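In the two complexes that follow, chain A is the common piece, with chain B as its partner first and chain C second.
== the complex of A and B ==
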């Protein structure tokens, strides 16, 4: 087992040598790369990475350039998780046969994918990885939309959001189906660790990623990734939007251990009304028209209910 | 074309980030790495910017918020101190300025053509800052 990187505070964290590079083609202010940096800097171990098709992959591997300073592979939209699971299986086999040049260096195997690639297109592939028990971490960069192809709805898109395939207009308030609860679905595989994270809470993120690296078996991470282009806010406000997401409890931060034990890891001192979170983003602008205002109340009720549910589960240890 | 076995496949493209052998990249800072021409580190997105961040070290408390939240690895920190902004890789998003907690801020956005020395000389004072 390799040693866990000691990160007591942000100053200490800032001595990390990044293994992700700039001059990639992600939008200014994109949260994908903030998440990636926090994850990669959480360890000093070698890394074997994949990215499924989507903004992160497309923008960091534009021939003849790569923005990755670690082994990195891209194959298709659906199979980033299995690509890394394959590498992990090969690694185990070579180790068993004594054919590794440096068997004491155990890499971390991480698959990055969008919500489209995880909640929809790569769903069964991820499920297979979780079920087979590979020692990998799958991280969803959850911007709640197919951003790379122009903003089509995915099963992560929340109610009332205007997406290109569920646009708001005279007859519609946008997306009508509630966001899929991936955390519960993934935890139901009985995996050792599933957690929801947000880049503004870097310490919570690092703790969870390090825990995920330390356990043996598959790990699922859902990371909220505010998208300046599709959520429609100014690039400078990415962290402000992330703050609103966690502090309104629209994205509660919690973990589920062994598919059972649920812990809430962040309780905002001042809970922000959901309305404030919605008002800060262009994709929800139409909800503030008189005829759709009732949806804001419904939003708040849904968030309150979910928070109560999480608290009940935490208390009951189930 | 020669027939391929089941475990042979056509590699789309393989890029090497570094020239030569690299032993412990996680312990090697950018300036000590031998990047190959395929690393985007060797490219620039400076022409994306209309506005740029300027760093004024006089007020900086080295909290490193700007370092952690910069999406583009463009805040250079070494030995827990903020050194400056990497102007080849900064896209001018302005996040670093938003998250800077000092008053006045230690980072502010200015038009790309602004002269750094003169904006630092005319840096806003504490009471000029909005609350």
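== the complex of A and C ==
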């Protein structure tokens, strides 16, 4: 029988047994480790995990050490989803053949990957896994940039952000292309569950992860992961930045069930202006020059439009 | 067991693809993840059909690319079970990144590589460009010259690859179309005998053993990477060939069919010799016999094991030969051919006086005819008589236009 954890508060959470060790090389203030702990702490079931090449991978499995007290695999940059799908396929085969060593267990198969490994180079592999219906969960640690290689733009990098390959300069405001809408694309596969989560709203996240573990079939989770190094904020402010992301609705929290039933899962009581979210991060600093202030207005309009769109979909149950 | 056994005749008429698929069925492969590509596709179609008909209990995943196929094979192998797939040419090129990862992670996987030319220009026919491209990828590589050998070597490959002292993936090569689509008589084993030979899969460091969590595919930089690579090479150089020899002997005991890393034909007293791969070996053997009738002491060497390269075995086999032709069915694109270089390396320091010349042939499925080989043996005899290579060191066989020769 599947066993989900029932953690009631942060104090309980902080003392819950970890299968992801604090001994890792991630930056102080990195949201990746927080998200991973929140995900792993959602269940007592066994885990088969993968990481695509990226910050999480290079910081948690440097030979002869490992931060993982669960089965874990890394192959390459693009194929972490398929690695776990392969393991899940073997699980099905051995189950059928009666050759599982612990047949009573109900393992969960989870793939962690950055936005580069998900939105860009691993896009096809993830789409294949979603389409084929593997019983896996793919989680994007979305820090909107190739952080592990030093801050190049990905297709998740938002307009106006200064990245090393789309830098702001005398004649440029930085990234020119809007962030790819990965949630809509993944939900369009008709998968049983897709959701956006944020580490500051951990109860919302745990609820969604547990929902994802409970359904049969592929699950897509997009987790915003504020990056102290590339977003340029103080490491102690990670949760504050996450709060601004969710409360400005730049990163709305919602879920899509079976590709069609959209539910908004968090409605901020006081919506924060997008400007505050942008102002808190060095990557948007140049937008506050007079000539680029129109971009902040455009940002706000885009966020408002998206929020209205999500509400329309929720109301229409589509 | 929840699958049906298949009654086979002692000799079935199978092409190389079906022979490989039958071996995969008899080995009861747990997971096949694959993507179709000519001319290897019928192998995985065969597995899928056996599954659909209840002759296998396993899982077949038709993924969205060859890269994903090998990625899923790696995940499945790390999970802890028997894994196989098939590909050719562009498919192999696309999965080449993951081939290094599979071997570096020490995962036993059997890959049927149905040899085909590499684009551009696009071509679906047989040559050895794909085989050559990944020769440094850390996989064990066998070469089948005909459907019978494709069947036998598949069974052998599982047994070598999955051995706990070895734990390296293995490729079984066969020539696209010439072997893969040409039906011949294939002597079979019963399902029980074949499975008995391959044996049950014994997992090691399996991710599905939840009492013993493992970390696969770690990061190593300058402090450990070299040791890992050196250890893998060490095992290929010292452990794999003895294991292959043992398994070849076991297979001979079971079937009477004898395999050796270097397959020698009429080499005992040969003055001139052709070294080649794939179906060309059989053609060369036939021509060598005919040359003997004309008074030329001709012999043939076919490489059964390409990696690890049988360095000393091939030097030993060639030590008394006067003139050797190394036939490469792949464009070296700016160098001598792979076989030419490997043989030259094996012979250097041996005190041999053998004359070595190289030939590039058969690209994109161009036929190597008996007439080509007759001319080649005559040329080797001329070299032997003259005591020197009388031509350029590298020549092209069977290409239209002005004669090409280099070096």
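Here is the rule we go by: the second predicted complex is superposed on the first by the 309 of 318 C-alpha atoms of A that agree within 3 Å, B and C clash if a C-alpha of one lies under 4 Å from a C-alpha of the other, contacts with A are read in each partner's own complex, and residues count from 1 in each chain.
Rule of thumb we're sticking to: a residue touches a chain if its C-beta (ideal position, glycine included) is under 8 Å from a C-beta of that chain, and two chains touch if they have at least 3 such contacts.
Everything numeric here is computed off the predicted structure, so don't read it as measured data.
In the three-chain model built by superposing on chain A, chain B clashes with chain C.
By the document's definition of touching, neither partner reaches A:269: not chain B, not chain C.
In the superposition on chain A, A:8 makes contact with neither chain B nor chain C. Look at A:83: by the touch rule set out above, it reaches chain C but stays clear of chain B.
By the touch criterion defined above, A:170 reaches neither chain B nor chain C.
In the superposition on chain A, A:94 makes contact with chain C only, while chain B stays out of contact range.
In the superposition on chain A, A:69 makes contact with both chain B and chain C. In the superposition on chain A, contact is made by A:44 with chain B only, not with chain C. Once chain A of one complex is fitted onto chain A of the other, the partner contacts of A:58 are limited to chain C, with no touch recorded for chain B. Put simply, chain A uses residues 46, 61, 63-64, 66, 68-70 to touch chain B in one complex and chain C in the other. Chain A meets chain B in the complex at residues 10-26, 28-34, 37-38, 43-46, 60-61, 63-70, 199-200, 202, 234-240. Contact residues on chain C toward chain A in their complex (touch as defined above): 2, 30-31, 33, 57-59, 61, 63-65, 67-68, 71-81, 83, 97-98, 101, 105, 206-211, 213-221, 224, 228. Here chain B touches chain A in the complex through residues 13, 15, 17-18, 25-30, 33, 37-45, 48, 62-65, 67-74, 77-80, 86, 88-95, 97-99, 109, going by the rule given at the top. The residues of chain A lying in touch with chain C in their complex are 46, 48, 50, 57-58, 61-64, 66, 68-76, 78-79, 82-94, 96-97, 99-102, 105, 107, 124-125, 127-128, 131-132.
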